[in-house]
Each structure stands twice: as structure tokens, then as C-alpha cells.
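Read through the structures below before going on.
Look at the two complexes coming up: chain A is in both, with chain B in one and chain C in the other.
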Partner chain A sequence: MESDRISVIRVKEVLLVTMPADPDDPTVSALQERVLEAMSGGSTPLGLVLDLSAVDTLDSFFARTVAETAQMVGLMGGRTVIAGMRPSVAITATQLGLRLGNAETVLDVDRALDLLHEPGATR
Partner chain B sequence: MNGLAVEGEMVIDSEASIVAVRRAIREATTAMGFGITDVTRIVTAASELARNVFYYARVGSVRWRIVDRAHAVGIELVFEDQGPGIPDVEQALKEGFSTSGGLGMGLPGSRRLTDEMELVSEPGRGTTVIVRKWRR
Partner chain C sequence: MGSRSTKSARDARVRLDAHTAFLPTLLDTVDALVAVLDREGRIVRFNPACERLTGWREDEVLGRVLWEFLLPPDEMAPVLALIRDLSAGRFPARLENDWITRDGQRRRIAFNCSGIPDDHGEVQFLLGCGIDVTERRRSEAALVAQRDELLEVSTPVVRVWEGVVLVPLIGTLDGRRTERLMDRLLNAIVETRSPIAILDITGVPVVDTETARYLVETIRAVRLLGARTVLSGVRPAIAQTLVHLGIDLSGVETRASLVDALRWAQGVLGNAGPSTGPGRGG
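Coming up: the complex of A and B.
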């Protein structure tokens, strides 16, 4: 089952998810379920870091799921940071007209963790 | 084009076949020498159009081939289904219009990501969408 490829790792009060290169729709949907489960377990994490550095196709279904997940994480008091989007994917996503909702974007996972841990980083 | 035979056909009838279409089109466009950004554009458009086929008609197909036109070489993708068809093509090409609960950016977005789009649809008979992208 492809959705087994989604793992949510909790590091220093942050949920880290690395997406596979070319996920099918059930895998993308699994992302949302796994993240929301992890958000509600134990002490609430600061937020979610979504590593898209391996992703080579981001279509409207994938983008909508990411935007919805970011919105849900926001309602639970967390921030969502998208890390590592490839230039070709960013150009295509813009031309397709995709919006990623209230997710913030940074170049890589290191910067995402810095952003979530910086002093005064509350919402 | 250097004797390269890039053509194929695939049935679209599941979520797994949307991924299979993306892989096949990525392979074909990479073999044709498209740059990474154009490969991503074509594959993303193919993903949107394959998903439309599956959502609206449940079953359909895609065919792809190299097209030659005076000093230009490109790829042509033909998505075909015998689904419910599109009653108002003009409206379907507008941003944000959807009858499936989607974002309504599949058709207009795919048109922006490719160089040419032709859409023929007859309610009750099915839909054919043809897109072409020329190699720069």
C-alpha cells in the first residue's frame, strides 16, 4: 500500500513529513489523516514541516490537500511550513494557479525548523 | 526525430492509472529532450486531465505521440472518454468552475501549462481533450 510511505516523525515539538516523489491520491489523503492524528496526540506540536524536496509533480489535488491540511493544523493552533519545493514544481504550480493557503514556505527543512523555533514564534 | 518512437496508449480507470499516466508522460517527454520545467508542466497537465477522465467518466484513455510541424517538434496527448460530456465548454474552461467538488482549475490550468488545447464534448456521448506542447 502506497500510503505506508507516509511517515510522520515528531522532532523537537515539530511534526516532520517527507512526501514521496510521485504520490497517488490515497497517499496524499493519508498525509492529512496522519498529520491530524499526530497533532492531537499528547502535547500539541508547534506545527508541521512538510518536506516537498523529493516531489516532482504537484497537481491541484495534491495542492488542495496541502492547503486544507495547513488550515486544519492552523485551527488546532499550529503552523505549517512547506520546505524544499523544486524550481520546476514552483513554476508549474504558479502557472496552474495553485494556492497553498496559509502555509509558509522556506527553502529547506533546516530553515523550516528554525522558523518554527524562533523566539516569539507564536500565533 | 532521430528515429525516436515516442508513442503509447493507456487506459485510465483508477487512481493508480493517474500515477501510471504521469510516469509514462514523464518518460516520453524526457526522452524527447524537453527541459525539466516543461516536463513538469506537461506531466502536471496530464495529471489534471487524467483525473478529470476518472472523476467524470470513470473509464477512458490517453494516447500520446510526437507531432511534427514546420520547424517544430512536440508531443500531443489525446484524452478520450465516453462519459457524461460537458454541457457548457466555455464555462468549463473558466477558472474555478467545477461540478465535481474540485478546485475547477484542471482544464484552465492545463491550457496554461501547454501550448495548444482542443476540447470537443457532446453531452451524453463523451469528451475529447487534445493538448500539445512544442519543444523549445
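Coming up: the complex of A and C.
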């Protein structure tokens, strides 16, 4: 099962997803389903932290899915924060003109958690 | 020019071509390397230019097989392939390869090669006419190295504050430089965990659409990493150009001077604590 490669962990009101190094299309599709599932269970989380520090390739399907997921999470009242994108990935993404929609970006997961928990964070 | 003088000149040419001393004199005088081999690769002619370059005298090399002493072993294959081509009548051909001189130096020679056929069209001799390009190739390599070095020093990335990296841009931006700049800046941001990058364009003489596009691209990549860029050194003239060119820098923090940019950076770090500094995802 491809979706087994993705685990969505809920830590302190935040959904944390670490993407594998080379996510294929089924994995990426599974990401969206699992995240939305987790958003709806119990009390709504503050948001989603997507850790991309292991990822070394990013394609347009991935980018689109992330942008869509961020939008969906937003509709459910959460924020999406992308953490730890590698320089090489950022350069490729820029050259390909990939957009990540309204997802916010930070340097690492630490800062992502700070951002979601900071006082006055939209909720 | 009357027809008489043309005719006499033509006669003179015929006489010259028939003159047995013409060819040897030419081979002795010319600065180009001229070497002739038989089909087995044995040297049958080795002109003074060859002697001067290699340190071997013609009488020492006559009858010796070229690749047994003049060629470096690592370049044997292309030369042998060329000799096969020439023997089979495929010429003219060009090849650049090294010769080893008597005292063991390598010289780079650019050869023009041809075959000399007999009356039946069978190739009897192989002619190589070469120029020593060692110095030219060396200076070309030095030039490339220098350009790379210049690229290196022209895009320094400096950590000026806890969480702030600065890139003072000097001169014009092109594709190659931008690529290098992006690479260094993004890596510096990740290594120093700096949420703020200052791109200072005080030293950039003119900003055109191309330059602006490169700047925007860099800023976008920085954002994807999760850091924010402030563009400083936007002088009145540059502000004017940017607006007239219709370049959209909305969403990009811009300041007139580096001092203002640093102040802004301090403000962001001070307010939010050193741990934050979110950007919008491109």
C-alpha cells in the first residue's frame, strides 16, 4: 500500500507529515486524503506542518496537490506550513514556476510549530 | 595587368612547380609542423619545424614509427583511428593531440591531415600539417578559471547578524551569475538558519527587465525555503525604472538603503522572536 509511506502524526494540535525523499503520485494523493481525514477527527487541529527536508525532487503534481491541500485545510480553519525545503528543490521549483498556493514556508519544523502556536495565530 | 605579364607569371609558376628545390625549401622555411608517414606509420619526412619543437633531428626519426615515441599512450586511440581513415581515403581530416618532445614535455598540436595517393588512387603517404597550440589552449583554460573565480568573488554571501544574511550585488546580473547567487544564498540561509536575506542592489548600475526577473526569481526561491528577502539599495533612478518597466515587486519588501533594510530585519526578528519569519509559498 502506497499510502503506508505517509504517516500523519498529530502533535499538540498540529498535524505533522514528513514526506519521503522521492514521493510518487500515489503517495502524494494519499497525503491529501490522510490529512483531510485527520483534520476532521475530534477537535480541529491548528494546522498542518509539511516537512520537506528529506525531499529531493518536487514535481508539478506534488506542488499542485500541496497547494490544493493547503486551500482545503484553510477552508477547515487551519494553516499549512511547509518546512525545510532544500535549496536544490527550491531552485528547481522556481525554475519550473511551481506555486504552493497559500501555504506558508519556514526553515524548519521547529519554526513551523512556533508559527502555529504563536499568540494571535488565526484560529 | 596586361595579358603578356599574366602569361609570363603563369609560365614562371609552371617553372617553379617543376623546380626540385621548391618543395624542400618550402618545408624548410615554413613554421608549421610538416610530417609525412608511410602506410605503416613510419616517418618519411620530418621538417625543421618538427625538429625545433620535438628536439629530434630528422635523420634520427626517419623510419621510426610515429606512435612508438611521439605520442602519449593515452592519446594513441584517436590517432590510430585517424591513420586508418586516411589510409582508406577518408580525408582531409582534423585532429588535435599531444606530442611528447625529446625532453618529455607535452605539446598540444592542431593537425590538418591528408593522404597522398599514387597513380591508381591508392594512398601511399599520410601527410600531417600541424600548429603548436599549447600556449593558446593554456591561456584559454586560464581565462575560464579566471571567469569562474570572478563569479565566485562577485557574489559573496555574508552573515551580518544573528539570522540575517546579506548579499551585496555588484555589477550586472546575468543567468549564470543568478544561478550561482541563488545556489550560494539558499545554502547560506539553510546553513546559518537565517530567516532573513538582504539583497543589496546599491552596486547594480542599471536594472532592466532581465535583471528584475532574476531578482524576483531569487526572492521566490528564498521564500520557498521559508525565509524572507528584503531588497535594499533601491535608489530613485532604480525605483523609476522598476515602475516604468511595470515590474511587479508587490509582496517584496524593498528599502532605499542598507541601513533601512537592517533596521527592518531587526524589527522582524525582535517582534517575532528569532524563531519565526514565515513567507508565503511562492
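The rule we apply is simple: the second predicted complex is superposed on the first by the 122 of 123 C-alpha atoms of A that agree within 3 Å, B and C clash if a C-alpha of one lies under 4 Å from a C-alpha of the other, contacts with A are read in each partner's own complex, and residues count from 1 in each chain.
Note that a contact is a pair of C-beta atoms (placed from the backbone, for glycine too) under 8 Å apart; a residue touches a chain by one contact, two chains touch by 3 or more.
Only a predicted model underlies this, so the values are computations on that prediction, with no experimental measurement involved.
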_Using the superposition on chain A, tell me whether chain B and chain C clash or fit._
fit
*asked:* For A:101 in the superposed arrangement: first (chain B), second (chain C), both or neither?
replied: second
*Please state, to the nearest 10 degrees, the angle that the Cα centres of chain B and chain C subtend at the Cα centre of chain A after superposition.*
40
_Contact-wise, after the overlay, does A:85 reach chain B, chain C, both or neither (first, second, both, neither)?_
second
*Contact breadth on chain A, by residue count: chain C or chain B*: C
*Answer with first, second, both or neither: which of chain B and chain C does A:42 touch in the superposed model?*
neither
_First (chain B), second (chain C), both or neither touched by A:111_ = second
*Which partner does A:24 reach: the first (chain B), the second (chain C), both, or neither?*
first
*Pick one for A:70: touches chain B only (first), chain C only (second), both, or neither.*
second
*Of the partners chain B and chain C, which touch A:57 in the superposed model: first, second, both, neither?*
first
*Smallest separation in Å between any Cα of chain B and any Cα of chain C in the superposed model?*
8
*Common interface residues of chain A with chain B and chain C?*
87, 89, 91, 95, 98
*Mind pulling up the chain B residues that touch chain A in the complex?*
15-16, 18-19, 22-23, 26, 36-37, 39-41, 43-44, 47-48, 51, 95, 102-103, 105-106, 108-110, 112-113
_Interface residues, chain A side, partner chain C - complex_ = 67, 70, 81-87, 89-91, 93-95, 98-108, 110-111, 114-115, 118
*Contact residues on chain C for chain A in the complex?*
179, 182-183, 186-187, 189-190, 193-195, 217, 220-227, 272-273, 275-282
*Interfacial residue positions of chain A with respect to chain B in the complex*: 22-26, 56-61, 63-64, 87-89, 91-92, 95-98
